[in-house]
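Both complexes below contain subunit A, partnered by subunit B and then by subunit C.
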Partner chain A sequence: MGFANPAVNARRILGSIPTYLILTIGLLLAVIPFLLIFITALKSPAELGNAFALPQQFHWENFQRAWTQARFGTYFKSSLIVTLSVVGISCLLSLLTGYAFGQLRFPLKNSIFLLFLIGLMVPTEAYIIPLYYSLRAVHLTDTYWALILPQIGMSVCFGSFWMRGFFSGIPRDLVDASRVDGCNDWQTFWHVMIPMVLPGLWTMAVLFFIWTWNDFLLALVMITREGLRTLPLGLAMFQGRYTTDYTLTAAGATIVALPTLLFYVLFQRQFIRGVTAGAIKG
Partner chain B sequence: MASVTFDHVTKKFGDVVALNDLNIKVEDREFLVLVGPSGCGKTTALRCLAGLEEVTSGRILIGDQVVNDIPPKDRDIAMVFQSYALYPHMTVFDNMAFGLKLRKFPKDEIKRRVEEAAQILGIETLLKRKPRELSGGQRQRVAVGRAIVREPKVFLFDEPLSNLDAKLRVQTRAEISKLHQRLQTTFIYVTHDQVEAMTMATRIAVMNKGILQQLDTPQNLYDKPANLFVAGFIGSPAMNFFSARLRKEQGELIIDTGDFAVKIPAEKRDLYAPYVDRQVIFGIRPEDIHNPTFAPPGIHAAPVESKVDVIELMGNEIFLYMVSGKNNYVARVDPRTRFKIGDTVQLVFNMDNFHLFNPAADSENPPAIR
Partner chain C sequence: MDRSSFNRSAYLYLLPALAIYGIFVLFPILQTIYYSLTDWNGLTAPTFLGLQNYLNLFQDAVFINALLNNLAFIFFYSVLAIVLGMFFAVLLTSAPLRGMTFYRAGLFFPQVMASVVIGMVWRWIYHPQYGALNQVLRAVGLGAWARPWLGDFDWALTAVGIVGTWAQYGFCMVLFLAGIQNISSALYDAARIDGAGMFQQFWYITLPGLRNQLLVALISTLIAAIRIFDLVFVTTRGGPGYATLVAGMYLYRNAFVINRVGYAAAIAVLLTILILIISYFILRLQRTQEEESFA
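Let's look at the complex of A and B:
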């Protein structure tokens, strides 16, 4: 590299300019709205005129007001209960269905898998009303179950599809080797397969987290009690009531967005490894 | 240590018969090689023995115990896979120790065995690495190491060398032979490479289309192939075959291919006399065809004139691809031979070592006339 021809070097730098330009524009488009909301959350109502101007003084108390006065603390708790239950249970179930579809041979395997795919293809809007009546019939509306159970159903459809790919990618020889080494089915699953599908599992967990955390429609239809509202629903309702207090809305929106952002940043490496798994030979 | 018996074993996958009434008795401490072209059933036989496939009918015994219904983990066997099948998330040490850990061996015993095996295989320095940080040859050693530490009754090898480069393959071949001598255990080894089979085996089982063709020592397979398939499979370059007719002329027995005719030596006449005026297949190995100048003395030499088509110089020998009328054949001659392409030359067939097969008995795979 050190001996490279300067002309060639210059051409390489010139050539990469458009790439960086496009990436920068993309980055700005993605980040600016978040920044504006965050800045707005720190302003006083009087400073709202120019969206791009920085506040003269950071009003951190807006977050505190949103948390207590606007009940975002309660919504946060609901979101956390629902999301963690959904992510945990869905991951567990998807591991099992993915294993079954990817590794086992059983009658009607492909037909059953097709059913899961249908679950993946039908939009929530199509079945949300009948689902509401079904859940009301068993007295589950206005409970966390009304959010957790359907969300698990939707997640497992995707999860089965997703994990099946990872499980079917495990070489047959490895499974055979573990059986000769002394594993029963359960030990093969636990000691050999789980470690191999781990990148896929992490990615799936991140996706489940984001989808469940951001879900709005299900909460809107199923939940009427304020104490059970999740963050996106709480935010929407809050907007309806306090349309004038944009700083509070912005603080609430930041509270809604922050956990997914953190979750993603924490598991970013695993996430990318899962998405690109199989792209390069291990 | 144990013997292994395939007793009338048949394995079907749907309508496909992968093993057809297989009968093999592998003696204790024997090095048996199962050899044959791909799809011949050799790997299926090994997998049935390992318990990775269930047999459709028949019995498999390890020692005196029928193992048909015993799961792989309880058969006391270890297997080396073609792909090595190392666990990618475990270190070399853990890969080798895994089987022992599952069997709840004490920690120091595991450590002792793994280190000992690593030393035998020369991989002591790799124990902390992951498989992806190893070369193909090193992975192969780890796979063997994983089998050794278990100290099983029977070692199974499924084409363990086919992913190595040519040089490493030769080296590892010798090492596996040495390992067999050292461990004094029953080895069953699957390969499609007849050179591997010939160099390593105590006995070889040649298979084709799910059927055992011949089970014998390497030398006997080479000298006395039971049928056309074995004759063509064992030996490289392969044996030359000619469609021919046996004829009797002034008391002599002659093999007549239409393009050339060779005399059968007097002491073999009685054996082949019943086949006079019948169609046979005449087989002779390339190494039994000589340049007359360098032919070994005292052989029953039958001269044959043919045209040189291709010459391959190997250094220590020369392969001549010859054409005689409608017949093509290969001769493996002395390196001092100076022929040119297009020359019509005389070679001699060593009629002490030839084979006749009887197509009337089985047109697909004629048996040798004995």
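Let's look at the complex of A and C:
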């Protein structure tokens, strides 16, 4: 349509220039703040005078200093342990609850589901105060457990809600057919259902990843030992201590941002689908 | 449902998730409600107060001020972000564009970043001496406007609020984009034939077609504005003075800095009730609308 007439085409292209211009300005505004901190991370302290200027030479050693001297390597390890545990366990448990809610019939099903919905709505603030005092009483504060277990508790609420939708969408005939073919419950679950809920599982895993990787409040309350800090906590506390070592702080911020950026570039679609789907979570 | 078709193994599948959720989330919620009715310093035994904490909260000028700051954040997180998000979504769909997904991905990006990182990035931009904002102002001859934005009593709240808008509008945009793409193009064609202009098409087709997405955007940005904590903690810690103190920050101070645990629990309960009420009303709005559209 329309491509036979060059005049119409030219007008369409010209007409879309203002749109591109506005979009590009928006895009620059979204990206430049991150670029500025990345540039700062590569500078020497003497080069801070012009925020937009590139450094004479790239001071990659700022990253090395942040990693070792400012202990971002340690924080990275904490974040990795906590995030992998939460994402792995929460996905597994959500597959089980999603299967139960979406495929099985049992008494009290709706009441138990409602219970999970409460966890979907309430904010961390609603439970963190008593949780801190209880966990401290049993010496679980200042352990990874204090971050992993509550985060799983919150995640499975969303997971149950989310995976139920996918499991209940599996056609009855397909399940019956596999039974006729001689599959037992486990085989049906594993070979017939899991492949069908896989897209939902990926989206959910990406969501669990951002929630855990970015979490600040839980870590702030539960962790006081420096060696156990996660990346966001380490960054927030670090800036309090070295307030004037700007290039080091900037390198630290870049280290925290980089894994998310990498993940985002790889799984952009899942991120966008996931975050908009998880929007109703408190 | 006949009894023989019950699948008792279901409980086994639910048990691990339910146990972790129950112990680490659900039970502590009940404890929060209990502590909110007591005077407790976290060490000695709590003394029962009834509703006294709540009565005190409503006479606490600092808390009222914090709530008003949350209200101001609603303007930045919800109103501004939704308007900007709508603007970009309409722009992106106004004509078939090359690179649409590229722009979408770029504008959405701040939404996935940790708020601690976002806070750090903007602290740097607002830095009195080295910050990009003051440097730009000086470069274009507006040096008189340069100031320590986050330390300024009059500007700190706006400065943090703008960060909120910046981080949220891409999210709203993506929601609206998905919605607009679901609106039948036949509607627009018909409207054009009837002589409807851009604005009329937006008002009579796009906006009503986006009601669901608007409600979702409203719920999540309102909740974000009520819960705001990380960003304030990293940028201003509530300062200068109480200029950017929000309810979440006040809760944190009471619970973990000055050990007025019962009082903090009351704040937690109030915030949670506020969030539940908002979610409930907006979800109900969504439901009535769905029923209407089926009728």
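The rule is simple: the second predicted complex is superposed on the first by the 245 of 282 C-alpha atoms of A that agree within 3 Å, B and C clash if a C-alpha of one lies under 4 Å from a C-alpha of the other, contacts with A are read in each partner's own complex, and residues count from 1 in each chain.
Note that in this section a contact is a pair of C-beta atoms (placed from the backbone, for glycine too) under 8 Å apart; a residue touches a chain by one contact, two chains touch by 3 or more.
Bear in mind that the values here come from a model prediction, so they are computed numbers and not experimental data.
Aligning the two structures on subunit A places subunit B and subunit C next to each other without any clash.
With the two structures brought together on chain A, the opening angle seen from the C-alpha centre of subunit A toward subunit B and subunit C is 100°, to the nearest 10.
Contacts of A:122 after superposition: subunit C is touched, whereas subunit B is not reached.
Of the two partners subunit B and subunit C, more residues of subunit A are touched by C.
Contacts of A:191 after superposition on the shared chain: subunit B is touched, whereas subunit C is not.
Judged by the touch definition given at the top, the superposed model places A:177 against subunit B, while subunit C stays out of reach. No C-alpha atom of subunit B lies closer than 6 Å to one of subunit C in the superposed arrangement. Comparing the two complexes, residues 282 of subunit A contact subunit B in one case and subunit C in the other.
Looking at the complex, you find that subunit A touches subunit B at residues 171, 173-174, 176-184, 187, 191-192, 195-196, 282. Note for the complex: subunit C touches subunit A at residues 1, 5-11, 13-14, 16-18, 20-26, 28-29, 31-32, 35, 42, 88, 91-92, 94-95, 97, 103-117, 119-125, 127, 130-132, 135, 166, 170-171, 174-175, 178, 216-217, 219-220, 223, 227, 229-230, 233-234, 248, 251-252, 255-256, 261, 264-265, 267-269, 271-272, 275-276, 279, 283.
Note for the complex: subunit A touches subunit C at residues 12, 15-16, 19-20, 22-23, 26-27, 29-31, 33-34, 36-37, 40, 48-52, 93-94, 96-97, 99-100, 104-107, 109, 112, 115-116, 118-119, 121-123, 125-134, 149-150, 152-154, 156-157, 159-160, 185, 210, 213-214, 216-217, 220-221, 231-233, 235-236, 239, 246, 249-250, 253, 256-257, 260, 264, 268, 271-272, 275-276, 279-280, 282. The touching residues of subunit B, counted against subunit A in their complex, run 47, 50-52, 71-73, 77-79, 81-83, 85-89, 98-99, 102-103, 132, 146, 150.
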